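Before I ask anything, here is the structure I am working with.
Chain nomenclature is as follows: A, B, C, D, E and F, assigned in order of appearance, with residue numbering initiated at 1 for each chain independently.
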Amino acid sequence: MKLGVFVNQYTKTNSTLDRIKTDNLGIILVQNGVYHAALKENGKDSDILSKAAKVYALSEDVISRGLSPDKLDKKVTVVDYNGLVDVIFNDYEKFIWL
Amino acid sequence: MKLGVFVNQYTKTNSTLDRIKTDNLGIILVQNGVYHAALKENGKDSDILSKAAKVYALSEDVISRGLSPDKLDKKVTVVDYNGLVDVIFNDYEKFIWL
Amino acid sequence: MATIKKLLFLVDKPPYKSENSRLALTHAIASQTVEIHLEDEDNVEPVLAFVGDGVLNCIKGQKALDAYGITSLEAHIKNALLLDLKVIFCKEDLDKFGLTEDNVIMDAEDIGGDMIANILPFADILGEMEAADHILHF
Amino acid sequence: MATIKKLLFLVDKPPYKSENSRLALTHAIASQTVEIHLEDEDNVEPVLAFVGDGVLNCIKGQKALDAYGITSLEAHIKNALLLDLKVIFCKEDLDKFGLTEDNVIMDAEDIGGDMIANILPFADILGEMEAADHILHF
Amino acid sequence: MGKLAIGCFSSLVGSMSLDFAIKLSEAAIKKGHQVDIWLSGNATMLSKKGQRKFQDYSSLEAKTKDLISQGLNVTACEACAESRGYHKEDTLEGFNRKSMDYYLASCFNSDRVIHIGGE
Amino acid sequence: MGKLAIGCFSSLVGSMSLDFAIKLSEAAIKKGHQVDIWLSGNATMLSKKGQRKFQDYSSLEAKTKDLISQGLNVTACEACAESRGYHKEDTLEGFNRKSMDYYLASCFNSDRVIHIGGE
């Protein structure tokens, strides 16, 4: 299943996300979810970055928060709304918004 | 400081609550906070019950959720809205709603 | 040719604090009348699955009507069963909270329903996610 | 006799996702005009303290106006400093996120403000809680 | 007897925080206390005229009006209401509309303040 | 070209989810896709006429109307709106009001569904 998961909050864990197993998993960081790509708590990366998934972050939400798109974790692909439309139509079939 | 803390959600931790140190701390479980008094996750009591605080639960919110006031943890005092008014005016001076 | 599309209503939030689980149930139940908007023979098949803190919606004996004058989530779940919707509670999450068949809303017999709720492992809910055409996560 | 009451605005939530931190700032700033509702000489002294994920409101360089056409929390914090409100950021929480004086909004010099924000340990914020007449937790 | 200020910043429907505020006010007034409610943010929805009653949703209009007749003071943040398209003429009878400084004065004048932030 | 259904169940002001829905729709329409937005719960606030523009709050009325003129379809849940006191005559021009089953049909007819629950 090609599943895109929108993460819109900066909370530590979600037991549903942790249990989803699928070959084609995308994690799309939006709103306060973008902190996962930018912050290291006590020097440690967010757990979300260690999942077997392609990770995106929405640039408009990154810059709104005073974060810099080029300082995000290397694993993360930054997309704007235009790029996100293509991700939605080309790369995934179903979505959940956590 | 006589501080009453309303806990209205069933989330695991709040770093602010964890760091508050005061002689007269009351924790008032309302809304989904009442699950802290009723549920044992994997057989374990909620951390909130182990704090050095008097713990209350609002009976209307307990029964709304299908929980039984007499099956709550022994540490918890069940109050209704009438009782809560007295707790607010007689037992604490300041409040925070988490 | 008739097309049936499967919509999975995945409920992950506890009741009452937000409107999430209530809207999941009312929208799932609205599948009863969706045909008026569709071509002949086409239809929608809703599945309701409660996971994580969402299983707290399924606790029996909710008295929200007495305490606050609002319909309980229990009444909504029973309605869904009465209307023969497939309802699933995640077994691991019930276990985690120490909830069993005896504590949760397994049927709507008292209002004349035949359908029984299913307690299934998360792997089966993942199967429903695979099988669904679209997932609505509440 | 004049009475000054201290109100502590304690901001624990991150910006933008909810309206919390924005309302904390607009209400704290409204203290500038509260006198019209009070007896002669009485007044309110607001203190703004950012703790937990709330310190994320204090990151410099927010471009919410460019991206979404809305005032940034940065602009609000600068307004508070311009109006000489006491603003505190919790040191331990900044440290946890690897944020330093260089990353956060320490002053409003560019709009003519003199007041400087304070980076203080949680113990001092607890002291503000003790000293306050009322606490408004956002 | 004391005075209680309740600041409510949560949305009317879905969250039960306004139900909490109204039921707590009712109990406090019955015991002879004074209560001021401040509605800010999405909680200004409570002040909107013409809400239809559905059993799925809390319907607080009748109860709140009854409490106002017993002395409850309910005030909605004017800017928060306007930004949501609730104008003066949309406001329920007996509800006040004021600027944000009013809430701080209400806190000043109260023995106890319960500020309900969050969603 | 495909069809995208966006279900928005979050409140207008405070949460930025409606901003997300509108900006995503704009980008999708520009690329030639069709978009259906469903407003339920507190998100029905978007459909309310007469919202005053403040720079503190997202003001989506003008942008949404512009997108409607380019083919965007926006529908508010009728029961959710009524319970909040938003009647037919309070609804912004170009916005539809339907019962909940309409959203399921919209999902049926779409290639992609983004259902935004939560606050």
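Everything that follows uses one rule, which is that a residue touches a chain if its C-beta (ideal position, glycine included) is under 8 Å from a C-beta of that chain, and two chains touch if they have at least 3 such contacts.
Remember, it's a predicted structure, so these values are computed and weren't measured experimentally.
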Interface sides of subunit E and subunit F: same vs different residues, half threshold: same
Averaged-CA centre spacing for the pair subunit D and subunit A, given as whole angstrom: 29
Chain centre separation in whole Å, for subunit E relative to subunit D (CA means): 25
Multi-chain contact residues (two or more partners), subunit E: 13-14, 16, 23, 41-42, 56-57, 79, 113, 115, 117-119
Residues of subunit C engaged with two or more neighbouring chains: 16-20, 26, 68, 133-135, 137
Shared interface positions of subunit A, touching two or more other chains: 8, 31, 60-61, 94-98
Every chain pair in contact, whichever chains are involved: A-C, A-D, A-F, B-C, B-D, B-E, C-E, C-F, D-E, D-F, E-F
Contact set on subunit A toward subunit D in their complex: 8-10, 31-32, 35, 39-43, 60-61, 63-68
Complex interface listing, subunit C residues touching subunit A: 10, 12, 51-52, 93, 122, 126, 129-130, 132-135, 137
Residues of subunit C defined as touching subunit B within the complex: 14-17, 53, 56, 59-64, 66-68, 72, 74, 96-98
Touching residues on subunit F, where the partner in the complex is subunit C: 7, 9, 40-42, 99-105, 107-108, 110, 113, 115, 117-119
Residues on subunit A engaged by subunit C in the complex (per definition of touch): 1, 3, 14-16, 19-22, 94-98
